[in-house]
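In order of appearance the chains are A, B, C, D and E, and numbering begins at 1 in each one.
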Amino acid sequence: MNNDLQLAWLVPLFPLLGFLINGLLRNTLSKKLTGIIGSGTILLSFIVSVWMFIQVKNGNTHVANYFDFISVGSLSIPFAFQVDQLSSLFLLIITGVGFLIHVYSTSYMHEEKSNDFARYFSYLNLFVFSMLLLVLGANYVIMFIGWEGVGLCSYLLIGYWFKNTAFNNAAKKAFVMNRIGDLGFLIAVFWIINQFGTTTYSEIFRQLPGGVNTGILTGITLCLFVGAMGKSAQIPLYTWLPDAMAGPTPVSALIHAATMVTAGIYMIARSNIMYSLAPTTMSVVAVVGLATAILAATIALKQNDIKKVLAYSTVSQLGYMFLGLGVGAYTGSVFHVMTHAFFKALLFLGAGSVIHAMHHQQDMRYYGGLKKYMPVTHLTMLIGCLAIAGIPPFSGFFSKDEILVAAYAHSPILYYIGLGGALMTAFYMFRMYAMTFMGTHRSDLHHHHPHESPMEMTVPLIILAILAAGAGFLGIPELFKADSHWLSGFLEPVFKQSNTILSEHHVSHSTEWILLALSVGLIIAMIVWAVRKFSKYQLLEEAATGFGKVLENKWYVDELYDAVIVKPVLGLGSFFNTVIEKSGIDKAVNGVGRLVQFGSRKFRLVQSGNVGNYVLMMVVSIILLIWMVFYLKF
Amino acid sequence: MPINYYIYLAVILFCIGVTGVLTRRNAIIIFMCIELMLNAVNLLLVAFSKMHHARALVADANTTVGTEAQLFVFFIMVVAAAEVSVGLAIIVMMYRNVHNVDINFLNRLKN
Amino acid sequence: MNITQLLFWFLSVVSVFSAIMVITRKNPVYSVLYLIIAFFAISGHYILMNAQFLAIVNIIVYAGAIMVLFLFVLMLMNLNKESEPAKNKYLVWSGAVAGGLLMFVIIAALHTGEVEQVNGITKGNIGLIKDLGVSLFSEYVVPFEISSILFLSAMVGAVIIGKKEKAKHS
Amino acid sequence: MLLLLLILIPFLAGTLVFFLPTPAIVKSVAFIASLASLAIVLYAISLPHNHAMVSYSTSWIGALNSRFSLAFDGAGKITSLLTAVSFPIIFLATWKNTYKNANQFYGLMLLTMAGLMGVFLATDCLLFYFFWELALVPAYFLCSTWGGERRIPVSFKFFIYTFVGSLMMLIGIIYLYNKTPDQSFAWSSFTRAVLTPKEQAFFFWFFFVAFAIKMPIFPFHTWQPDTYEQSPTATTMVLSGIMVKMGVFAVIRWLLPLFPQMSTNMAPLVITLSVIGMLYASLIAMRQDDLKRLVAYSSIAHIGLMCAALFVKNQSGYEGVLIQMFNHGINIIGLWIVIDLIEQQTGIRKMSQLGGLATKAPTLAIMLVVVALANIALPLTNGFVGEFLMFNGLFQYNIWYAVIAGISIILAAVYTLGMIQKVFYGESNEALVVKDLRSNESLALSLIIIMIVAFGIFPKPLLQLTQQGLNGIISFAVK
Amino acid sequence: MNLIIFSGLLGVVMMFCGLFIKNNRTISYIAIAAMLFLLLVNTIEFTTGNGFFTIKAAAGLLQPSKYGLLVNEILLVAGILYFVLSGRDIEKVGVHVADYYALIFFVFAGIGIATSYTSLLMLFLGIEIISIPLYILTGADKLNLKSNEASLKYFLMGSFSTGLMLMGIALIYGATGSFAVFKMNIAETPVTYNMVAGMLLLLVSMAFKVSAAPFHFWTPDVYDGAPTVFTSFMATIVKVAAFIAFIRVFEGSYSSLNKKWQLVIAIIIAATLLIGNITAVFQQSVKRMLAYSSIAQAGFMLFGLFAFNDLARQGIVLYAAAYSFATIGIFSVLIKMDDHTFEGFNGFAKKEPLLAGLLTVFVLSLAGIPLTAGFFSKYFMIAGALSTGGTYLWLIILAMLCAAISVYYYFRIIQAMYFKTGEAEHTAVSVPFKLTLVLVAVLVIVLGVMPQVLLQYIYF
C-alpha cells in the first residue's frame, strides 16, 4: 500500500475534474479558460503518467486496490488500477497525444459558441477519463467501464453537432455497433467469472496455463475478440468508424485513430496469455485482421473525402495490428499502436488543418496545390504519409515490418496478402497527398482563401511529426542491431509467458533482408505511381464504373447490413407491434372480455320473460339432475 | 296394496300437473295444475303415513306413527287455501289491468 | 282381486283420467269440473286408506271451497269460453315430453328401490278425526298457531291486492 | 413499531388529505408524510437486523390464525426504501402540476403508498394479499380519474387483469394455508407447507400468474403500455417505479421460498418466457412513436430480465434483482419526470413531432441523457451494477439465455438513443415552446441523477442492504 | 322463538296501526321501533340462550340455535337499516303502508322459523310464510304492469316450486318415516331411492328459493318488476334467510352422501356463477344488474352448502352480513335515483360525493375487494371449499374468474359515478339517511378488516 503507484488514481482524476468543471460551468466559463482547463488537466495527467512510466521503467509495478465495486458472495470485483509496462505505455500515448489534440482543439473549435465549446471539452475530458479507466483497470469489469465509457464519449462527440440528423445517425450507429461488441465482451466477462471466479487479471493469469481447458478458453477469447471487433472496427463491425468521421476532426484524431479504436488491441495484448493458449482464436484474429486490412484498403483507394480515406486507412491499420496479435507478435502490435497513434493523429490533425483552411470542405477533389498555402501542414502531412506507407526510417516502417515479418514466419501467405495491403496503403495515402497538396488548386479561390493554421494547431502537428518520424527507433529490429528493440525489452514482463507458450519461429536474417527490400521497393514504386497519377488530377464529373464503383460504394456493405439486419429487425419490430401485440396478444386478452360480453348477450336471451319457458327449463334441469344422480355412476 | 302403487299413482298425478303447468297459458289453469300437484303429494303422504303406521303397528298396537304425515297434509291444505286466496287475488288484479289471464300476455320483464 | 283393490284401480283410473282432462280441456270451466272429479277420486283413496278426516277436509276445502273459488273467478272473468290462445306447438309438445320424461325418470328412479309391501294399509285409526285432533292441538299446536300468521298475511295480501285503488299515490 | 408507522403515516395522511381544502396544504401534507416515511425507513435501516423496533406482530383474525405481522428483511428493505425515496421525489417533481380535486389525488396517492408499504413489509400471507389488493384500488381510481382520453377502459383492463391474477393467487394462498403444519398464514409456516410434487407444480402457477401479470411478464403484459400511456404521470411513476416491483418482490418473498423445488423445475420455462419478453418488448419499443409507450415497453424488457434473473437461483442473480429493483425504480421515475415535462410544455408525446429540444432546454436534455443512459445500464450509472449481476447470474445458469437476453442490451441502446435523438437532437421545431426546468423539477431530477451516479460508482451500501436478507432466500431456494 | 312470536304479534300491531294512524311517517317510526324491539328480544334470546316462552310442544319442530339466532341478529340489524334507509320509499309505494309493514313483519316471523326449524313441516310453513307476503309485496304497485307481471310470475313459479318441495318432503318421509331434519342423517336411516329422489327435489326447490341456476329464472324478472324497495328486501334479508333454511335442511344429511351431492351442488354452483355473472355484464339497468348479481352472489353462498365445514358456516354468517348490508345500501341509493340505468349514475360523484363514496364502498364489497366485508365473505367460502380437498379446484377457479367478471359490472357503477360526466338526477336525501348509510359503510369496512367482530359470536 505504500507503493507510490497507489497514486495512479490521480491520472484519471484530472480529466474527470476537467469534465466536471467544464460541464457544470459551461455557461459561465470563457472559451479561453475552458481551453486551459481542458488541456491543462490532460497535461497534468500526462505529467503524472510520465512519472509513473519512469517508476515502471525502474521495475516498479503495482496493483492499486481502492474499494469494493461489486461484492456478491464469493465474487468480488474491486475498483482497482494496475500500473505495469503495458498500461503505463498506453497512459503515455493517451495523455500525450490527447494533450496535443486538446491544444489543437482550442484553436480548431474556436468558432463554436462558448457553452458548446465547453461541452466539447467536457466530452473530450470525459473521454480521456474513460480511456484511462479502460487502460488502468486491474480487472475486466473496470476495463469494461472504461470500454463503455469511451463508447459513450465517442457517441457524444460524433453527434457533437446534434442538429445534423446524419451526424446523429452516425453517432447512434457507432454506439450500437460498439454495443454489439460490448455484449461479446460482457459474455466473456461472465464466462471468466464462471471459470476463474474472479475478473482480476493477475489472478486469472495465475491460473493459466492448465487451469481451464482450451475449448473454453477459445470461447472466452472469441467473445472478447467480438468486443474488440466492435471497438476496434474489424470485420464485420467496422462500418461505424468511417461514419464516425462526422465528428470534429480532432475527435477523429484522438478517438477514432489514436486511442479508442486501439482499445481492442490493448485488451487482447492484456489478455495475451489466454489468447496464446487458444490457437484457434489466434488464427481467427489473424484472418479477420488481415481481411479487414485488405478490405478497408481497397475501399480507401476510391474515397474522395479526406477524412474517409484516413478512416479506412485506420481500419486497415487496425487490421494489421490484429494480424500481428493473431500471429503472436504482441510487441509488434503494441509498437504499431504507438506509431500509428503518432502518425495517424498527425494525419488527422493535418487533415483537420486542411479542412479548417478550406472552410470545412472535405472533398479532396476540390483541393489541390495547397502546398504553397500551408507549408507546415504540408510537410508534416508528408512525414505522416511516409510513416504510414512504411518508408524507412519513419516509424511506420519499423512497426509494420515487424508485424509482416512475424506474419511471414507464421505463414508466407499472410505476408503476401499483408504486403498487398501495405502497397495499397502507400498508394491511397499518396493519392490523398497528391490530390491535396500537389497540382493546382481546384476550387474557387475568391471564396476560399486557404491559409496556414494558427500556432495552436501547427505546434502539435510538428510535435507529432517528430514523433511519427522518430518513434520507430524504439523498436529497431534485430536485423539491424541485436538487442536494440527497446520496446520489446520494456514489454517483456507482460508478454513473457505468451512468448514461451508460442515458441516463436524466427525468420532467417537473409530472408528478412529480401522481404524488406521487396516491400520497400514495391512501396516506393506505388508512391511514385500514385503521385504521378494524381498530382495532375482534374475535377471530372464522371461517375465511377465497374469495380471502381463497387469500391467507391464501400463494397455495398452498409447496404448489405441494412438489408440483412437493420430492415429485418425493424420489420420484426413492426410485426410484433402491429400483428402480435395488437392483433395477437391484446386481441386475445380483449377477446376474453368480448367473449364474456357476447356470452352475456346470448345468455340473457334465455331469460325470455316467458314463465312457460322458465318452468320448462326447470323441469328439464330436474330431469337431468335425477338422471345424473341415479344413472351416472360417479 | 303395495306402497309402490300409490307412489306411482302420486307421481303420475304429479307429473300430469307439471305437464299442465308446462303446456297451458291460462294462469288459472296453471294454478289449478299446481293444486293437482299438491293433491298428488297429499295422496302420497297419506299412503306413506299408512305404510309407516302399519309398520309400527307390528310392535305397538297404540302407536300414533303416521299422524304427523296426515297433519302435514292438513297443513298443506291450509297453505294451499291461503295460497289460493293470494294467487287468485293476483290473477284478478292482473285481469283488472289488462283484461287477460294469459301468462305470456305480460312480457315486459325479460333479458 | 278383492274389493279394496278393485276400488283402488277404479279410483286411480278416474283420478288419472280426470287429471288428464284437466290439462287438455280448452274450456277452463271443464278443467275445473274435471279437477273436482279428480279431487273426489283422491278423497276416495283417502277413505280407502282409512284417512277419514282428510277425505272430508279434502272434499270440503278443496273440492268445495277452493274449486268453487276458481270457478267463481273464471265466471267473473267470463273465461268460460275456449278463449285460450293456442300455445306454440313446439312448446306444448316439449312441455308434454318434459312432463312425461319427468314422470318416467322419477318412477324409474323409485322403481329401482326395494318394494315395500305394506299389507293391511287400511289398518289403524290414525286417520280418524279424534286422533288427529288430539295430535293437532297438543304436539302440533305450534304450527297450527303459526299457520294463523300465514292466513293473516294472506288476508292482508288479498286486501292489498284486491282493494280497488282510487288513483296511484302521487 | 416503526414498521407499523410506515403504513400508518401514509394511510392516515392519505385519509386526512381528503378533507383538506386547498391544494397547497394538501401537497405539503402529502410531501411531509412521504418525507417522514423516508426518515423512518432510513432510521429503520440503520437499526440492527433483529432490533425490536423493526418487527411488529399483533393478532388480527383469530379465526384464521392470521396475524398482523410485519418484518423488515433484505428484499423488504430495498423495496420500502424505494417506496419511501420515490414518493417525495414524485411529489416534488409534480409539485407544480395542477390536478382537479387535488385533495383526492394526493389522498389516493398516499393510500397507494400505504398499500405498497404493506406489501413490502407483511410477513403474513393474508395480510400480504390484503395490501396487494389495497395498493391496486387507489391506483385504479387515480388512473381512471386523472388519466388520458381512453383512461376508463384502459385502467379498467388494468384492474381486471391484475385482479384475475390476484384471485388466482388467493386460491393458492388458501390451498397452501390448508397444507401448513400449524394452519397459519405466517411466512414461516407457509414455507413449511407440505405439498406433493403435483400440487407444487399446480399451485406454483397460481402464484406465478399473479406476479407475472403484475410485473408484467410476456405474454401477460398488454395492460401495461396502455395503462402507462393513459395514467397521469405521477401515477405512472408509482406504477412503473414501484408497483411493478411488487411482482418481483413477491416472487422473492413468497414464490421462491414457497416452491423451492418447483421454481427450479419451472425455471427454464419462466426464463424462456422472460427472455422472449425482453426481446419482444425491445423490438416493439423500437417501433414506438409515443414516448410513454416506448418507456413502457422498455420497462417490460427490464422487468423480464429481473424475472429471468430471479429464477436462475444464484446469489449474483438475486442481488442483481434486488439492487435493480431500486435502481430501475429511480431511473424510470426520472424518465417519466422528463417525459411529463415535455408533454406538459409542448403538449406532444409523439416523437415524430418533437425534435431539437436540446437547443431550447439544454439542462433537460442533459438530464434525460443521463437517466436514459442509466436505463440502458451504462457503467458507472446505477443501472449497470444490477444488470451486470443479473446477466452474470443468467450466464451462470445457462450461457445461451445470457447471450440471447443480451441482445436486448443492443436493442435497448437502439431505442433509447433513438428516443434521445428524436426528441432532443436535430433541428428544433420553432413552433414548440419549451422552457427549461423549473426549480422543483430540477431538484427532483438532480436528486435522481445524484442517486444514479452515486450508486453507480459506489453500489456497496445497496449491496450490503440486500445481502442481509438474502441468506434466508438462498437457503430456501436451494432446499 | 321470540322472534317468531313477537314479529307475528307486531305484524298484527302494524295492521291495526293502519286503521288508527293516518300519518305514514308515524307508521314508519313505529315500524322502526318495532324492529328495534325485535332486535332486543332476539338479542336477549341470543345472549341468554332462553326465549321468553318455553313451549314444550315445539320441541321437535323448532330448535333455536346460536347460529340461527346470530343470523337473526344480522337480519334484524339489516332490517332496521332497511327501514331507516328505505322507510320513506315504502311509504311511496302505495296507500297500504301499514299493511306493507305488517307483511314485512310476517316475513320476519317466517325468517324466525326458517332459521330455527328442525322439522320439514316447519320448513314448509316458514318458507310459505316468507313467500306469500312477498308475492303480495311484489305486486304492491298495482297499477304498474311490471309489478303485476312480476307478481304473477313469482307466484306461479313459487307455487310450482312449493309443489316440488312437497313432493320431495313426501318422498323423504316415505323413506324415513319422520319429518325431523336430523332423521335425514344417513347414519340414522339407510339410503333409499325414495330418500335420494326426495332430497333432490327438496334441493331443487330450495335452490329455487335462493335463486340458484338453473332454477333462478324468476329472480331477474321479479326483482326487476317489484317495487325497488321490496326488491331490496327480497334480495337481501329474504334471500339470506332462505339460505339458512337451505343449509339447515342438508346439514345433517349431506355429509353422508357427500360425493354425489358435492358434484350436484358443484354443477349448480358453476351454473349459478356463470349465468349470474355473465348475464349481468350486459345489463343496462342497475336494478336488473343487481338482480343478476344477487344470483351470482348466491353462487358464492352456495359454497357454504358445498363445503359444510366450520369455515363455510362462518363464511355464511359473514356473507349474510356483508351481502345484505352492501346490497341494502346500494338499493337505498338506487331508489332515490330517477333513472335506474347505469347512465343515471353519470356524474353522481360530483353532485353527491359522500353518497358516491359510500356507494363505492358497497360496490367494492360486493366485488370482494379487500378492506371490505365482501372480501372475507368470499374468502371464507373459497377457503371452506378448498379445505375439502383439491378435487373441485376447477370450481374454485371458475368462481374466481366469475368474481373477476363481477368486477366488470360492479365497476360500471363506479365508472359512471366518478369518471363520466352527466347530471345524475335524484331525489334529495336527508341527513339521517346519509348518517345511516355511513353507518352501514362503517359496518362493511369493520367486517372487512376484522371479521372476528362478528365471527366470535358463532361459538361463544
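Here is the rule we use: a residue touches a chain if its C-beta (ideal position, glycine included) is under 8 Å from a C-beta of that chain, and two chains touch if they have at least 3 such contacts.
Note that this is a predicted model, so its numbers are computed, not measured.
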Both-way neighbours, i.e. chains that touch chain E and touch chain A: B, C, D
Chain whose Cα centroid lies at the greatest distance from that of chain A: C
Most central chain, judged by mean C-alpha position against the global CA mean: D
Between the pairs A-B and B-C, the one where more C-beta pairs touch: B-C
Centre-to-centre distance between chain E and chain B (centres being mean Cα positions), rounded to whole Å: 27
Inter-centroid spacing, chain E versus chain C (mean Cα positions, whole Å): 31
Cα-centroid distance, chain D relative to chain E, in whole angstrom: 42
Chain C and chain D, separation of their C-alpha mean positions in angstrom: 70
Touching two or more other chains - residue numbers and ranges from chain B: 3, 7, 14, 17-18, 21-23, 25, 30-31, 49, 51, 55, 65, 68, 71, 75, 79, 82-83, 86, 89-91, 93, 103, 107-110
Touching two or more other chains - residue numbers and ranges from chain D: 160
Shared-contact residues (touching 2 or more other chains) in chain C: 87, 91, 94-95, 98-99, 102, 106, 109-110, 112, 139-140, 143, 147, 150, 153-154, 157, 161
Chain-to-chain touches, reported pairwise for every pair that qualifies: A-B, A-C, A-D, A-E, B-C, B-E, C-E, D-E
Sites on chain E touched by chain D in the complex: 314, 364, 369-371, 375-376, 379, 382-383, 386-387, 390, 393, 396-397, 400-401, 403-404, 407-408, 411, 415, 418-420, 450-452, 455-456
Of all residues in chain B, those that touch chain A in their complex: 18, 21-23, 25, 30, 103-104, 107-111
Parts of chain D lying in touch with chain E, wherever the complex brings them together: 60-64, 129-130, 133-134, 137, 141, 144-145, 151-152, 156, 159-160, 163-164, 167-168, 170-171, 174-175, 177-178, 199, 202
Residues of chain E that touch chain A when the two form their complex: 152-153, 156-157, 160-161, 164, 193, 196-197, 200-201, 204, 208, 214-215, 217-218, 220-221, 259-260, 263-264, 267, 275, 278-283, 405, 408
Parts of chain E lying in touch with chain C, wherever the complex brings them together: 4, 8, 11-12, 15, 55, 57-58, 60-62, 92-96, 99-100, 102-103, 106, 109-110, 113, 121-122, 125, 128-129, 132-133, 135-136, 139-140, 142-143, 151, 171, 192-194, 196-197
